[in-house]
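Presented sequentially are two complexes of chain A, the first with chain B as partner and the second with chain C.
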Partner chain A sequence: MIWIKNIAKALLAAVFLASLFAGYLAPAPYAKQFREEPDAAPSRQHWLGTDDLGRDRFSRVLYGTRISLFLAPAAALLAAVLAGVLGGAAGYLGGWVERGLMAGADLVLSLPWLFLLLAARALIPLNVPPIESVAITFLILGCLGWAAGARVVCAGTDGLRNSDFALQARALGCSEARLLWRHVAPNLRPILMAQFWISVPVFILAEANLGVLGLGVSEPLPSWGSLLRELEGLTAISGKPWVFVPLLLLVASVTSFQVLLVDQEVPS
Partner chain B sequence: MRHLLILIAKHAARVLSITLVGGFLALALTRLAPGVDEREMDFRLSDESRAAIRQSHEAERNVFRFYWSWLQGAVHGDLGISQALNRPVSELLSERLPVTARLLGWGLLTGWVLGLGLAAPLAFLQSRTYDLGASTMAALFLCLPAAVLALLFVLWRAPAPLALGLLVFPKVFRYARTLLLQSAALPHVLTARAKGLGNIRILFWHYLPPAAGQWLALVAISITLALSAAVPVEVVCDLPGIGQLAWKAALARDLYLLVCLTGIVTFTTVVAKSAADLVGETLRPAA
Partner chain C sequence: MKLRRCALVCLAPLLLAIAASAQGGGQLRFCLRSDPKTFDPLRVEDDPSERVRYITGGFLMRVNRLTQKLEPELATSWKVSKDGRTISFELRAGVRFSDGTPFTADDVAYTLQRMMDPELHSATGDAFRSGEGKLLTKLTAPNKISVTFPAPVASLDEKFDQVAMMSARSPKKEMAVLGPFYVADYKAGAYLLLNRNPNYWKHDEQGRPLPYLDSIRLDIQGNRDAEMLRFLRGDIDLVDTVDPEYFTRAQTEQAGSAHDAGVALDPEQLWFNQSASSPIPAFKRAWFRSTNFRVAIWEALNRDDMARLVYKGKAQAAVGLLSPADKFWFNASLRTRPYDPQGALKLLQSDGFRLQNEQLYDGEGHAVEFSVVTGAGNKPRERMATMMQEDLGKIGIKLNVVPLDFGSLIERITRTQDYEACLLGLTNMALGPDAQMNVWISSGDNHQWNPREKQPETAWEAEIDRLMRTQASSLDPKKRKEAFDRVQQIAWEQAPFIYLVNRHALSAISPRVRNAQPAVVQPYVYWNIDRLAVNAEAASK
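Showing the complex of A and B:
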């Protein structure tokens, strides 16, 4: 299994680096149109051809990878922070705070994920500038992805609060704030890290789904989701296997994350 | 009997409270959502019409009062009018619910047959190759966005329920695999095997009953998963179900329709989870 994990690490590193240096590697800006060559086949100038608006597909894949692959961890970080704060507060304070917060988590978890995203996205106007659409998409993902993590953190904090070392610290006169900051929080770090890494592929897939449904990152900014919308032109893509490159990249990246996460499973 | 009635009452109260609170929160959020009703600025409408629209929004300003009147209407089957489609929501739902129900039914059946079909041999075969092959296949489908899988199915002209089944199957397989492998290590299963019982008998008499609660929880989880996956499948495959209706409502920002749909979906998933918990709790002492 170690060699599979090494391949996954190498693949993810290559994809991350390629997207990080998209500015140097891309032959053209992502929005530049080559109006005389719309829907062109791969050539020396356009490695993956051009889309129906004449934009270089390879450049768009590189920039789109940057958006999807960098903002999904950002959203996962937000979700992990929210899970840590809310779950930690629920587990540490207990009583009605715990009951209220966990009822909220139950409510969020009761709703199907994509349905929830769709409803939340509809609350905000759809005709927003592209940069705002990126921020909105990933903020929604981050803000709605806290519930599962919060439950785990709550259970973990509850266990830590009643542990022997916490009792001993209290007996030695340690204040509640110090106990929380110096003894409970460091022990929650592995749970939060696991939650973070589990959320990343989930958010990448969610962005892709929203993009295909036209509710994700808006044009002309590319993301994996918006690039996959090209697959909707079913008759147009037949005989053009290069159109599937973003899909292959997405599947390879998410698979790599899943392979690396095999030991990170968190008890729910 | 009394214990069972108390359990049912508890779960019913939970379903009702989550649905009511969820509905209220969704409605409150629609009132807080930025943006105005574009009809208020449509100069093709007369001043009186625009004033009437503005007045109707004024009446909706008090969320508590509006929610109460909406609930009263909902009890009598009046769920309001869809702004985008200009049709009664109850009429839209009665047209579209059967489509989604059929899709979910077939999709769940396919997902469970595939998931359990692949996981069941793991209980008897001590083959690492089979485990790796089956797990890889499940992982591959887990890494595909639902919308893309639906697109590929349209491209290959394959039936939509199969796409939904393939989206549900990896989760069913993963949970089923874990449950079966856990059960395989239990002492009573080892004893049954040592006494020479057949595989099928061991599966149905010794693997499944002790973990009945967990299997039922998996049924509830798979319903939630299928409802989530139904949205892109219905949109991409052009099936007129409630998933597609939710998407249309989101694109048109028809927030009241979205609130109704969210309420229905929440109710369905909470009922499924509560029913699974209830049956699991009832079965526990007998197991």
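Showing the complex of A and C:
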């Protein structure tokens, strides 16, 4: 199975690098409308053809990948940090703090994500430039994604707090702060890493879902979600296989993340 | 020889029967986008219920969708009084409801009294409510009735196009109908079966009873892709409203099935929020209230490109508030505003704006940037907004496109007024100015750029108020037309709405369907449902 992981790593690295150097690789600005060439087939000028407004699809895929692949990990990091802080506090302090924070986590988990995102998206000020609206979208995703992780972290912290080594440390006169910082926190790292890696593909898909609903990244910025909207409709999927490229990239990237996750999911 | 003659004699009745039924029989199948919310013709508010009412309802008179002229149906003649309050009908004799109950003047009185009952909250009745008071009905003979409304109603006779008659005596209530078909079976979420009304009164020119079809099956199908696939597979016989991208596919895959009846009534439009109560900055409100600013935006948008790219050429740059499809009411002296970014820039400069480093600034130094809200998921509108971004960028204006879910959008444009500009489309089911009163009267809820004004805030709005009231109270079609022509002229000059494109009336009709004559007023295809027929192959299927 090592070779599968190597392929996954290579694919993710290639996708990351291509999107990182989008400015050099893209043959045209992602928003430029070549209005005389709408829905064009692949050509020397437009490697993946153009969309219905005449925008170069290859350039949009490169920039869209950059947005989805860079902001999803950022949102996952935020969710993991929140899960670590809130879940850790709940698990370590126990009592009413744990009950209150876990009730909050249950509340967030019980809310329908999509509707919560729709409501939160509707509250964003209108005159926000596209790049800021992207950041806000992923910020919302990160802020809403902490609850499941917090429960896991809480259970893990609770176990560590009552473990034998914690008991011995306390018996030797170790302060609670030192115990938390030097002994409990390092043991939580694998749990948090697993939470982080699980969240990345979840947030990529969440943005894609919002994009398909027209509520993701604002025009003219591209993202995988907005690029997938091209696949809506009967006419889009007939005789134009190149329009599937964003979908293939999404499937390949999410699968690669999942392959690389296998080691991360079970903390030692 | 004898044998041949004998065979001919034997076959003659069969051949005659075939000839007689050449038009008749068979089932027509098409789709409704969702379940009808009601079968009560007076409670109709949603599109599927409206479509069922159109097919099953019996009307005193009806607008012919092709000629756009009012034609007699259950009323053989009618007369509107000079004061516009009273209308007298002479009713067709010998007509029966689908359950056999006779149709009389009592049924007309019952339907109209029920329609005007405030307890019912009938949207159909709202069109007739022009003043306080009760409706008076007077039966002057068994087949004659005169109806007096509390106040004059403009285009009184044309409004009866929406009023399906109900039976006062039938135990089946609203399920007893006078239209060509009645509801025979309904399975929510699946289908609606309409059978031929055996008591339908109409006959064709050869004296054959109408409708030709035996039944209509309306499948409930919300997904347009699935609807189109079913059409191309031959599972359904028509798609009344087709999106441009599907139209091209139907054209390619089933020759002769795609029909473009020409430009339809429905406009796509943009407007700026000019309301004093809105929470937008004062300097932006000042831009939006400037006629030069609005006209400049209109001229800076390449609407021909929008029609070509977004609607695949199946739309045209809109002229003004009415589409040329409205043959009588359209002001033919108006011309489409040309795409002229340089002219737009000059207009803006005359208002104190200046272009500096490809960014437009107003006289106070504010960079010109605003947002436009539109319905999320509506691909054509999102596409148009993206094109607007590029077009306005050429004159230094930064546009932020904000797709919102429909609930949030409506909340903002109707209640909180927390938006700067809005891109939406209208569906015009009716011709002329009557359906537009609430939009153009300055105190109206749908006076979207500045709703519910206590007094008209500008001279041109005051003039529109006066003209709309003049046309609404006048019974002289010429005077009404003159007044509404002027309203269209003012709307074109002042640009409270920036009209983008008018879509074409696109439909797909199977070659098996006969007698279809697509129109530009909805319903596009089955407006003459009683004369539609399917050929023998389809009938046997």
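Here is the rule we go by: the second predicted complex is superposed on the first by the 251 of 268 C-alpha atoms of A that agree within 3 Å, B and C clash if a C-alpha of one lies under 4 Å from a C-alpha of the other, contacts with A are read in each partner's own complex, and residues count from 1 in each chain.
Simple rule for what comes next: a residue touches a chain if its C-beta (ideal position, glycine included) is under 8 Å from a C-beta of that chain, and two chains touch if they have at least 3 such contacts.
Computed from a predicted model, the values in this text were never measured in an experiment.
In the superposed model, A:L118 lies in contact with both chain B and chain C.
Contacts of A:P129 after superposition: chain C is touched, whereas chain B is not reached. In the superposition on chain A, A:K240 makes contact with neither chain B nor chain C.
Contact with chain C, but none with chain B, is seen for A:P38 once the two complexes are overlaid on the shared chain.
When the two structures are aligned on the shared chain, A:L53 is found in touch with chain C, with no touch to chain B. More residues of chain A are touched by B (comparison of chain B with chain C). Of the two partner chains placed by the overlay, chain B and chain C both lie in contact with A:E232. Touch criterion not met for A:K5: it reaches neither chain B nor chain C. Of the two partner chains placed around the shared chain by superposition, neither chain B nor chain C is touched by A:R170.
On chain A, the patch touched by chain B and the patch touched by chain C overlap at residues 118, 121-122, 126, 213-215, 232, 234, 238. Of all the residues in chain A, the ones that touch chain B in their complex are 103, 106-107, 110-115, 118-119, 121-126, 201, 205, 208-209, 212-215, 225, 228, 231-232, 234, 238, 247, 250-251, 254-255, 258. Residues of chain B that touch chain A in their complex: 18, 21-22, 25-26, 29-30, 32-35, 139-140, 142-148, 151-152, 154-155, 224-225, 227-229, 231-232, 235-236, 243, 246-247, 249-251, 253, 255, 258, 261-262, 265-266, 269-270, 273.
Touching chain A in their complex are the following residues of chain C: 224-225, 228-229, 243, 245-246, 248-249, 305, 308-310, 369-371, 373, 376-379, 382-383, 385-387, 389-390, 400-405, 408, 418-420.
Across the interface of their complex, chain C is touched by residues 31, 33, 35, 38, 52-54, 118, 121-122, 126-130, 133, 213-215, 218-220, 229, 232-236, 238 of chain A.
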